[in-house]
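Structure, as structure tokens:
Order of writing sets the chain letters: A, B, C, D, E and F. Residues in each chain are counted from 1.
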Amino acid sequence: MKALFPGSFDPVTLGHLDILERAARLCDTLTVAVLGNPSKQPLFTAVERAAFLTESLRHLPNVRVDIFSGLLADYALRENIDVIIRGVRSERDYQVEEQRALVNRGLTGGVDTLLMVSDTKYRHISSSAVREILSANGSERFFTIFSEMVPAVVAEKLKEK
Amino acid sequence: MKALFPGSFDPVTLGHLDILERAARLCDTLTVAVLGNPSKQPLFTAVERAAFLTESLRHLPNVRVDIFSGLLADYALRENIDVIIRGVRSERDYQVEEQRALVNRGLTGGVDTLLMVSDTKYRHISSSAVREILSANGSERFFTIFSEMVPAVVAEKLKEK
Amino acid sequence: MKALFPGSFDPVTLGHLDILERAARLCDTLTVAVLGNPSKQPLFTAVERAAFLTESLRHLPNVRVDIFSGLLADYALRENIDVIIRGVRSERDYQVEEQRALVNRGLTGGVDTLLMVSDTKYRHISSSAVREILSANGSERFFTIFSEMVPAVVAEKLKEK
Amino acid sequence: MKALFPGSFDPVTLGHLDILERAARLCDTLTVAVLGNPSKQPLFTAVERAAFLTESLRHLPNVRVDIFSGLLADYALRENIDVIIRGVRSERDYQVEEQRALVNRGLTGGVDTLLMVSDTKYRHISSSAVREILSANGSERFFTIFSEMVPAVVAEKLKEK
Amino acid sequence: MKALFPGSFDPVTLGHLDILERAARLCDTLTVAVLGNPSKQPLFTAVERAAFLTESLRHLPNVRVDIFSGLLADYALRENIDVIIRGVRSERDYQVEEQRALVNRGLTGGVDTLLMVSDTKYRHISSSAVREILSANGSERFFTIFSEMVPAVVAEKLKEK
Amino acid sequence: MKALFPGSFDPVTLGHLDILERAARLCDTLTVAVLGNPSKQPLFTAVERAAFLTESLRHLPNVRVDIFSGLLADYALRENIDVIIRGVRSERDYQVEEQRALVNRGLTGGVDTLLMVSDTKYRHISSSAVREILSANGSERFFTIFSEMVPAVVAEKLKEK
């Protein structure tokens, strides 16, 4: 099974890494595809985001990190992907992912999406929570906080911001 | 029953048309009211959006298309509407429509909203999905994709964009 | 528009009456159809439940009360109904009604269901809440409680139980 | 990937078959495991239910049908399964499956569940809808109805009931 | 603040204990009230269930355990309670608790309910999950499994069943 | 119990006031904390929003109004708060508040959030509904409408806008 895990990863969190490790065990190859052109101004560039992922996933030999732009469906067809995988932390996430799964199945002519329930330990961690905390300037505890939410390499970079 | 179906219709989709046809069968007259001043910059002007609707609904003699601005509740009272109709594709849509129905009932002093469940065939089609696909520039398959989501007259215009 | 409002009405509540009055204003005729053979043992017989409804709705000339058994879809076709109407108090209700609407549309070959959001005043009132309160024997306040949940004629009968 | 798709399948529906076919394409082997001892009295015995599945899935060489009793987690460990797969038709289904996925991951010490969104065409079809329609005795249209919900072999058997 | 935490506790789980400890820190006194007459046949009697709670909560001096029957609202009024507290593990739980909170506020003439989000660690643990696992006879791993879901005193008793 | 009720209050609504009054009855002291730096451009400045609250809550001796910026968790720790309280009007609100409760519990090292279900009377009233109505220029009925949604002092100010 040749799988694709797309996302913005702005930035990658410990929750992402947990799902990616679990997904990698089930696939022959897993491509982690970083969305190059998100609608909102990202915190990190696509190249930075991909570098954080590469650094954090290097212990998984069947995982590779890529950057894509344009339609996910086109990328999936071009890369000859068998299935898309996404993590779901809550019913709210599910509502979004259900729509996406149906749209992408239509646009690709049949590539399905498999959803994986996040470990409850990471349920409250999201890239947007990280960005929101960062935007509330001035906490001295930021580094400690981020250390529990993102990989060390990202926490270091967030410290600089 | 004199009914009102308000919306942004940016652009009208095959899902809208399906609901509008089903609603028209139940009403004496159905006014499709295009929101003239949406908060976000629309893809098409209100006049263009209304024209697409008029073109697509001309086989329904009891339907007329109008453009409104300001408060929907004021428009409904001014037009002497008996009931508002809206389509719902998912629980997520329902969450939004429930709030709107309660607000509009309050603001109009009693005009109710009737919700109609979308055909599952159109469940994953939305104006925002169309706009999102369009914003991911460069697919050669755009025209084919849009042909399954919007009426032909809209697909032609999207091709130009 | 010839409408059908099906239900168990075991017993009819003030919430039901509110929705039925609002629905009746929108229809040419409204048939309130009492399910004769619910899966669970009902509190009141179908004849009693229909009598409570008849008593409570006699001020609405275009409403009639009936009892049906078997498949709702068959009843709707036999009675030449244009549309089914149901009330929704919450997303939880919506989840159930969406499935029913899709099933009944399939079984009837096209009869749609219109959903109407309950007045928030009646949001917490349900037949099952009435039955649950009744089953907790022994409150002296039962009559007062039920007077705020069901029509007087039903509250009287509940007092006897 | 050695996958397990557990369920009651009472009876198997066209929705089940669609998900099972899509899942089978992604797995090396797929075991469809029929729950032998459901809490409610089933419509068909476990052996009948398994036979319907075997008949309906014989064109898929990497699928086998089995009956299990006891804890799903024990069965999954005994059979050396890599992953559990389940279909989800709605947020309501998701709510149930999320809990099950977390429980089974805990009980197995790490076997994950992958959720697959049902085709919208089968969204309103469920075993319980079939059973509910059957329990409303007397429709002459039953056979036609069931032909659109279950495989022919099951529709024939339902006709006899 | 004199608080009441009602429930069936059949049996008490580690998730219950976590919420009760967190709630106890916020209240002057916390009464844990065991529902004496649940609609379904319980696994343990009300006296047993209360004993498990007493045993497990003895380190909390401001907590007392009681058994009640009849209407929760009547009990709350009789005991002069300021507020009801309940735990919520998911949106599904919330749907149920919202209705209950509204009903109990009505029945008591103003006693509110405060909802507390469960620790994600206990999100998948529920009394019904324990009962379901128990009903799937025959796992040798039962004791290990239950040790992670319920207090030791309950796990011992479950072993005997 | 020293409680904190944070929010944007842009502007304070009758729904906010109802929840705040109910919460104040349960706490020793209640701090209403106005978010000074919301991500979107607010309708009123933090000072104005706090003044509306102070004016509207002056009959509650144990309530004080404050403005905070930065991380809510830091503010809660600095102020030595026991618990955070928030109102919930719907499952949609719950989805958001559950995530926030988990994040804030993590960031504070244990400060819990208690959720209180809004009175159904105020279920459809929100600050964003007020802002949306205001942005649809030109209704002569604005003042009447706002009088049912916000305190008189706010309705006066909205009239000027």
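Heads up, the rule we're going with is that contacts are C-beta pairs under 8 Å (C-beta built on N, C-alpha and C of every residue); 3 or more make two chains touch, one makes a residue touch a chain.
It should be emphasised that the depicted structure is a prediction, and the values quoted were computed from it without experimental measurement.
Least step count on the touch graph, chain A to chain E: 1. Comparing the residue numbers each copy contributes, chain C and chain F share more than half of them at their mutual interface. Here the C-alpha atoms of chain C line up with those of chain D after a rotation of 120°, rounded in steps of 5. Centre to centre, using the average C-alpha position, chain A and chain F are separated by 33 Å.
In whole angstrom, the spacing between the mean C-alpha positions of chain B and chain E is 47. Residues of chain B in contact with at least two other chains: 90-91, 95, 98, 102, 120, 123-124. Chain pairs recorded as touching, per the definition above, are A-B, A-D, A-E, A-F, B-C, B-D, B-F, C-D, C-E, C-F, D-E, E-F. Residues of chain D that touch chain A in their complex: 1, 22, 25-27, 82-83, 85, 88, 91, 94-95, 97-98, 101-102, 105, 112-117, 120. Residues 37, 39, 69-72, 74, 95, 98-99, 102-103, 106-107 of chain B touch chain F in their complex. Contacts from chain C toward chain E in the complex involve residues 90-92, 123-124, 126, 129, 133, 135-139, 141, 145, 148. Contact residues of chain B toward chain D in the complex are 90-91, 120-121, 123-124.
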